[in-house]
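Heads up, the next two complexes both have subunit A, just with different partners, subunit B and then subunit C.
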Partner chain A sequence: MSALNMERGVKAMMEQIDAPIASYFNSCVHCGLCADACLFYTETGDPKYTPIHKVEPLRRVWKQEYTFWGKLMSTLGLSRRVTDADLDAWQELVYDSCTMCGRCSAVCPVGNDIAYMVRKVREGFAVSGHATEGLAEAAIRTVNIGSPMGIKAETLKKMVASEAKASGIEIELDKPGVEYLLMLSSAEIMQFHEFIGAVAKVMDHAGATWTISTEAFEATNTGIQIGSSDIARQLVQRVVDVAEKLGVKTVISPECGHAYIAIRWDGPNLIGRPYGFQVKHIVEVLDEFRAQGRLHFDDSKEDMKLTFHDPCQMVRRGGVVEQPRRLLDLCADNFTEMPDSGVWNWCCGGGGGVSTNERAEPLRLKVFSRKKSQLDSIGVKAMVTTCSNCRNMLEEGLEEYGMDMEVLSLTELLAEHLDDSKASKGAEA
Partner chain B sequence: MSKRPTVAEHLARQGVSRRAFLKFCAATASMMALPPGMAPAIAEALGQRRRPAVIWLSFQECTGCTESLTRSHSPTIESLIFDVISLDYHHTLQAAAGDAAEHHRERVQEEFAGEYLLIVDGSIPIADGGVYSTIAGMTNLQMLEESAKGAAAIVAVGSCAAFGGIPKANPNPTGAVSVADIIKDKPIINVSGCPPIPVVITGVLAHYLTFGTIPELDKLGRPTAFYGETIHDRCYRRPFYDQGKFAKSFDDAGARNGWCLYELGCKGPTTYNACATTKWNEGTSWPVESGHGCLGCSEPDFWDAGSFYKAVSMPISDLGKLGLAAAAAGAVAGVAVGLHNRHVKAGAKAAHKPLTADELEGDKS
Partner chain C sequence: MTDMELLNWARGPALEWATIIFVVGVLVRFLEMSLLGRKPDLSEARASAAGGGWRTVWRRSIPAPGLVKQAPVVIYAGYAFHIGLLIALLFFAPHILLFKDVFGLSWPALPFFVVDAATVIAIVALLVLLVHRLVNPVRRFLSSWVDYLVWAVTFLPLLTGYLAYHRMILPYTEMLAYHMLSVALLLVVFPFTKLMHTFTIFVSRWYNGAVSGRKGVQL
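Up next, the complex of A and B:
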């Protein structure tokens, strides 16, 4: 019999209800602005996708366990406890139709962080056995094998070797004492492995020392997505242990949105102490190189008309808005902003674990219509982004809607236009 | 009496020039926020009308309203209005006394039934059968009910008639009530204020005489032309409020510089009246201009709305022992609930069993 049950789920939600959550439920004025901020509502028109409604099970637990009237009602048997059937019914709302993009949090007039609430309600779903199968499997693989896609260190080594060969730059694994430790998302090892070569090129060009660990290379954190602090903590700890063992100054979160917020914001809270190193997104590192004058570009600026897709976690949860634009300015001539760009950008539709969820695919592709209309209004040939999950989702969406457009990685685009003759070789060179 | 002269004839007989009359009409039009083109229309309407009979009843009052109306020097627009109407009964102003006066009132009520205008100032005491105020052996309640029957409309002048005023103030020993509390079947215009501004009284009368209808009223039955905006919104000291410049006492630098009196208890923000625009004493000044905050006299129960010197944002009365006990009990209950909730949460935390991949695996099978 499963050890995951409803009692554990309710207890987990009770444990998750903190002062912010209590005040959020108290302050909600039911204005419905969050609905218009959510692409699952705007693209379907179905009111069940109203963000605050998605956390209804959490609200009921809060009311029954922590408020006078709620307690009285449940004591008198006038209110129903949250049941397995309730969570089954809500699973689609909590996992399929929420990418935790945080757009609802950004518009809420009373300041309710609804994405944070969804993150909390998922804790109850995970321990009561109501997480989606795709996410559960990904979490199991991450814990047991080391990566949600089941990638092992051997595979990583092969891919790194091939990228080193292709770029002609040596990539040393598990090297202590270097400045940067690069993390990777599974997608960057399997589908978008050119990213590794591109980072090697940029690091070499800027004269920075770096490495990749074979013990902890996976940046994505399925614990955050499924909603389990226990698993998330375990995954963060792996990275922290390795980074501190190697003595790096900075851990680089790769082109992945939620990996960035997991290691940067959730991580120290999860392990209960500050890190002995810094965490930066690759775009932040690149922008620092730019500011330090360590990047030199050739004259072949990209003249294709392109735009930039802001990954939700980068802009709304991470505050990284200007960096990619400054970098694009250096290597692209014909850049156009999407409407609602920056902190108001619309999600690709696959964040927050939705991309691992097969059942959610039709819905995810349906709501891609929002991205389509954004793109249609500017008519570009390519879209640059800084999240490999977005990249995957965008490519699928474009294919679904028969749109002919390239999706590029900012790091790769940048690396292509570096002028090797002007490289500011560092200590190793 | 039905052969009364028209207003124009009457004025001519009184030696009031056509020009003076038109000036009055223009002033009335602008006061009532009517277009200037209305002045001749008012003049014509007023000029053609037979002077309507007006009965003025004074009940529990201080005569301040009448003082307000008559305090001005002749020939002002206020005194003109008395040439325009036929004031057939008014305790303070009539020459007749005793039975003669009462008979005249009864005769007018009979002769002009359904036509005369009834003006009331003062509240009506209804406790103990209304014995607290009687006139010629009649209680105010009886007299009001009798006079209201044949009235075309009633104008409740002053806050006492309009809302009960000072007689109604806590503990209201006489059971004072307003006109509208008693008369339900007649149009009633409340011209509140303690006292009301003279031109507001005359303006309302002029409107009624010109158009034959009652003016547009707010939810408290007051003409919106005069009571449509707050003192605060029309106050010349408003810019200081917007800049956060407040007098902290009546003789500090702020007070001398004419800063906002909000913190000294000015009720301007919650009071609807025309003082800030029409001013008093022929436009000489008004309370705020003389350095004192608005008392809110044109609002219901202004006398019981706490100290005149407490800012609008402060609670009306002291919390008192009960209030303090309630606040303390609330705080204790809050802390208790908080501690209990903390305990519940700690319990949930203690019962926490870390989620493992094996458990997720087990759940699938």
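Up next, the complex of A and C:
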């Protein structure tokens, strides 16, 4: 059984290996600089967390299957094949100690995109049954129920109703023909549901039409995190089907980095065709409203000293870099950048499925010391971000280190400062 | 075998065979890579992939922010070695004559004292990098015997070239023969090891930069 699984795992890795992967392995000079880029190494000092080492199983498969020399060696019985035990040994490195933040990919002097390699090596792990339990269970819940936290449409409806009541704005579910379809992350339904009310306020203010689907509302994609293109494809397809059925122009990825990557950049490749609609991060949509003059703010700018935490997948891996800064400028007076901000930001420690992996918790909290030192150097009262997973991770990290700081959602902050008397209702641009 | 016979063998058959292995080897490696191909990206690009690719090809030669402080030895010695090596390889008058012979192209040489200094810098930098590889936990952890082999075959041509030019330790002819042989060894080892990065670095940087580029990320 496990031999068969292993074979499938190796096959899955083989299918993932493309010209860039081969070039990356050919290029690596073992300089070790990727270690200095990765918080799991810098905060622990343990060399096993060197990024390129995390994808060693993939390198072995590449070498044995796709190089003349490696093939010769394995035919002669001079090189060892990747075994079950290898993958067991690498599981922690591949899942617990990598958030796919891509900082190493931005630093490697020969240009290796190591996060891309980690994403691919996980395919082999997932297929051969070497994914971590937490992620595997979350993936099953997402496929069967529709969300990794097992949230059902009923729960969504309740939350939306209560947010509609609180904000005094009607939120119509499953409405065809609107411009925007808002997706949500589980965390935004369960913990941070004020986000829904905030979006309702902004949409109403800007005079935009929008809806939430009860059929496909979950934005996060466990398939991407666990490394299963099959699951990832199913999840993307659900969203695409609903978006095309409702005939929306734009699907909005909520405040969640991985969700954004999954639906914006990976999605079309997973389903094998371009979409008939656009995908934007909520921050992109807000920034467009700003540019179109559809947002009006009251005079009560936030004067608390605050900073912005860049979600890796939205910023470094997603390309939404300046938008949050422009928006913060509109509603905050005392905004300070962290050192290494923007594309050079350090991960919260919980991306890439690490937050779903209970076993990884102590390590994740340990490496939060990187965020702590970034924050210590600027002394702010609050940290704004645009990813609900980051938000959770940041809150846990701050608590662990006894730091007194607020973590805010940019959308919510913005909504609070809108001037309702100047709303451009119905004035759709 | 006299020194002269050794030299003639080294710069004759030895280098010729080594060059054949080098050229065929590198071509095979590139063929292996390109046969793997890459799926087209169907997502809607925000900016030009090629633009990002070319940008990263040159931009990645500059260390990331904060990196010099984190890894000063690798960065400084890395630069010193590569620049020293390039000067010694490309701007030493006898090397230029050889290139002219083989490729029909030539360019002005640098004064001997410059080439000499560059060689010393490259040699010292390589020694520093070797010690660092042995002592630093990350580098040591990443290294296998191949890394040390590659270090040695890179070091030997520099060392023997320097010694031959200065007529040190061995008679000139004999040392020159060893120089040629060490180059032959380097050429033979090249296609099978990370020395391939000399060429693939451009491919890797391009691919990486292209992915960022189409997302509109400037890295």
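What we mean here is this: the second predicted complex is superposed on the first by the 422 of 429 C-alpha atoms of A that agree within 3 Å, B and C clash if a C-alpha of one lies under 4 Å from a C-alpha of the other, contacts with A are read in each partner's own complex, and residues count from 1 in each chain.
Following the convention adopted for this analysis, a residue touches a chain if its C-beta (ideal position, glycine included) is under 8 Å from a C-beta of that chain, and two chains touch if they have at least 3 such contacts.
Please read these numbers as outputs of a predicted model, since none were measured by experiment.
Partners subunit B and subunit C, once the complexes are superposed on subunit A, run into each other and clash. Greater residue coverage of subunit A by touch, when subunit B is weighed against subunit C, goes to C.
By the touch criterion stated above, A:Lys371 is placed in contact with neither subunit B nor subunit C. In the superposition on chain A, contact is made by A:Phe68 with both subunit B and subunit C.
In the superposition on chain A, contact of A:Ile17 is made with both subunit B and subunit C. Contacts of A:Ala37 after superposition on the shared chain: subunit C is touched, whereas subunit B is not. Looking at the shared chain after the overlay, A:Lys201 reaches neither subunit B nor subunit C. Once the two complexes are overlaid on the shared chain, A:Ala126 sits against subunit B while remaining clear of subunit C.
Contacts of A:Arg8 after superposition: subunit B is touched, whereas subunit C is not reached. In the superposed model, A:Cys28 makes contact with subunit C only, not with subunit B.
Only one of the stretches 6-14, 60-68, 78-86 or 96-104 belonging to subunit C has C-alpha atoms clashing with subunit B in the superposition, and it is 96-104. On subunit A, the patch touched by subunit B and the patch touched by subunit C overlap at residues 17, 66, 68. Of all the residues in subunit C, the ones that touch subunit A in their complex are 28-29, 32-34, 36-39, 41-44, 46-47, 56-57, 60-61, 63-67, 70-71, 74, 78, 136-143, 147, 192, 194, 196-197, 200-201, 203-209, 211-212, 215-219. Of all residues in subunit A, those touching subunit C in their complex are 17-24, 26-33, 35-37, 41-42, 45, 47-48, 50, 52-53, 66-69, 105-113, 116, 264-269, 272-275, 278, 315-319, 321, 340, 343-344. Across the complex, subunit B meets subunit A through its residues 337, 341, 344-345, 348-349, 351-357, 359-364. Interface residues of subunit A, counted against subunit B in their complex, comprise 2-4, 8, 11-12, 14-15, 17, 65-66, 68, 126-127, 129, 131, 133, 136-137, 139-140, 143-144, 228, 230-231.
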